[in-house]
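Notes follow once the structure below has been shown.
Letters A, B, C and D name the chains as they come in the text, with residue numbers starting at 1 for each one.
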Amino acid sequence: MHPPSIQKLIDLFSKFPTVGPRTAARFVFYLMGKSQEEIEELTKSILELKEKVKICPFCFNSFEGESKLCPICSNPSRDKTLLCIVEKEIDLEAIEKIKKYRGLYFILGGTVSTFKKGDIEKLRIKELVKRIKERAEVQEIIIAVNPTAEGKATALYLERALKPFNKKITRLGRGLPVGGELEYADEETLSSAIEGRK
Amino acid sequence: MHPPSIQKLIDLFSKFPTVGPRTAARFVFYLMGKSQEEIEELTKSILELKEKVKICPFCFNSFEGESKLCPICSNPSRDKTLLCIVEKEIDLEAIEKIKKYRGLYFILGGTVSTFKKGDIEKLRIKELVKRIKERAEVQEIIIAVNPTAEGKATALYLERALKPFNKKITRLGRGLPVGGELEYADEETLSSAIEGRK
Amino acid sequence: MHPPSIQKLIDLFSKFPTVGPRTAARFVFYLMGKSQEEIEELTKSILELKEKVKICPFCFNSFEGESKLCPICSNPSRDKTLLCIVEKEIDLEAIEKIKKYRGLYFILGGTVSTFKKGDIEKLRIKELVKRIKERAEVQEIIIAVNPTAEGKATALYLERALKPFNKKITRLGRGLPVGGELEYADEETLSSAIEGRK
Amino acid sequence: MHPPSIQKLIDLFSKFPTVGPRTAARFVFYLMGKSQEEIEELTKSILELKEKVKICPFCFNSFEGESKLCPICSNPSRDKTLLCIVEKEIDLEAIEKIKKYRGLYFILGGTVSTFKKGDIEKLRIKELVKRIKERAEVQEIIIAVNPTAEGKATALYLERALKPFNKKITRLGRGLPVGGELEYADEETLSSAIEGRK
């Protein structure tokens, strides 16, 4: 029903995370109301992403600039004995924001729900193992994946895969979140809260 | 905290309808995972919007192609005695989709919550009046704005503005929607349902 | 896990509409904090329901007092040519509240999703037919059931069952409710809104 | 609009936790459809609450039976060195359900948002202090209030009030709940999760 060039762009926006066809259509109508300058500012910014932004060869975090490693990995005051494995860049950012962790990161690139070879190969397991071999100074590996079903399967896989390296392996503390109520907590969360009391 | 070229794009996506900074960041991380070809397909599609898509000089609907008017306005089998005023293109599409209306449209470009001159001038009132003057064949004007507070204020303004032309002016039927329940209906909706029984 | 007298009451409250075991438990703990006087006020009020409240033999509405019919049925100023069929008492109240309808009511006692004999017999169809036969003055029968799937099946059944009486039969007006938006309306609602424009 | 005996009962049900006038009305209509036997079963059950259910003089839990203390307090296999302070009975039940805690309880009777004398006196602080003085065997006091704003204020007050007794005082573990996501966690919860890793 839409003209082809509108439909094409709706299809492309529909692939964006959280965006369905209806929202994609709103995006297109929004862009149609913008001036030629605004449109070019947007397309130029999108193209520059690929040109300017680099991926850190150690942790896979994105950054910009002349240095070889990202600002976290190249910061001499970070604690090189700690390695925190996160699923995706936005989780790394969430942890950085609270300013409680001073170690290094490794972005795994996803989670798995099964241990099938095809699923596992989508994660950066080989790269992770390589980092741990290269960096003898790492003493604790923090598996900071989400306590969802997929995250728990992934954590289990990681624990097994990293066991041979004889490092301390930890997971994020589990328990009641701020504002949580005992009455409505699931049994697993409440068990963690009771057992993890301090 | 983000590199400047990422932050710039987050800011631009944050202006998209329904998008906040968190979703905008997800869009950027999504794009960073795309190949150069996919990025260029997206930017090319965005740029082509302005080049290929035309706005119909009668109804302000967007379309593509060589013809002067949009496919609806240039369709000889549409009923030229009916003119349906909608707020925005997406409402026109919603009505087209149900295939019950065979008349013409006019996209008003928004709604107003006040009758202040500055607000009113954002709507295409002058263009609407011009169309009605030019097209003596129009017999019924359907004010198909949403029955929200803003929509009702806009409908009231339109009724006054269009009164001098002595056309039949109608509004969309009001009542219980599919799946609605009397018990939970607001009084105005229930009144419309009782009075509009048939 | 609960003492038996608590569990018994939780079970009874769990049968109340919209109440699950968790809410039922909260009700019981609430009652346990009440004084003996307050508890007796509640149980006395519950027992008085059966004693004082009568069901109107014409419309099946509940009422209190010495008169034979309910206040609506015995009100000489109500329009006896109109009969509005509702599913349940709370719907009758919703319509009374808007003060736009001045006719009589008939409470059907439910809706059906199938036309099976067992389902149909749960409704007061026989009583309804009897009322319509007795009251020759009825000119319009308004089928005011909810436009849900069950409501629509029930309305269809009623239309067929009442057809032999040659009365005007109407249904509630359908369309966009207050605050509704064309963009998000289902096709049936939007069709009703277009066709029912006025 | 309702008959007085219906309105009276709606008013009483409206005071139940989580119940508004609309739900209260549904409760009344539900009861009106019940038989005399069912109504009497309900009112008898409500009256028996006060007669049969006793409050444990140690922990304030409710129970039924001939014994002086509740089944938990009179169970010789429970660990008397642990005392878990909960806000309300339903929290005690939530903890019992997960079968991970084998100590005793104390139901505080609420939480406070301020340390004003009037507010504090609504809690069973005096009784709690008395229990701890009487029971030298208590070694750990677990403050198991919700990590809400009120709960945290209450926990702070309890910690201060119980400090003179030189017992180990713990709180529930905090962190990400099952199904929680780093990306959406508040900073305090994420800090607890990082610091409480294990």
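Operating definition for what follows: a contact is a pair of C-beta atoms (placed from the backbone, for glycine too) under 8 Å apart; a residue touches a chain by one contact, two chains touch by 3 or more.
Worth saying up front: this structure is predicted, and the values here are computed from it rather than measured.
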Neighbouring chains shared between chain C and chain D, ordered by label: none
Centroid comparison with chain B (C-alpha atoms), farthest chain: D
Chain centre separation in whole Å, for chain C relative to chain A (CA means): 53
Chain centre separation in whole Å, for chain B relative to chain A (CA means): 38
Centre-to-centre distance between chain C and chain B (centres being mean Cα positions), rounded to whole Å: 39
Shared-contact residues (touching 2 or more other chains) in chain C: 90, 97, 183
All chain pairs that touch each other: A-B, A-D, B-C, C-D
Sites on chain D touched by chain C in the complex: 1, 3-6, 8-9, 12, 16-18, 23, 25-32, 36, 39-43, 45-50, 52-53, 62-65, 88-90, 93, 96-97
Touch list for chain A against partner chain D, complex: 86-87, 90-91, 94-95, 97-98, 100-101, 142, 144, 146-148, 170-183, 185-198
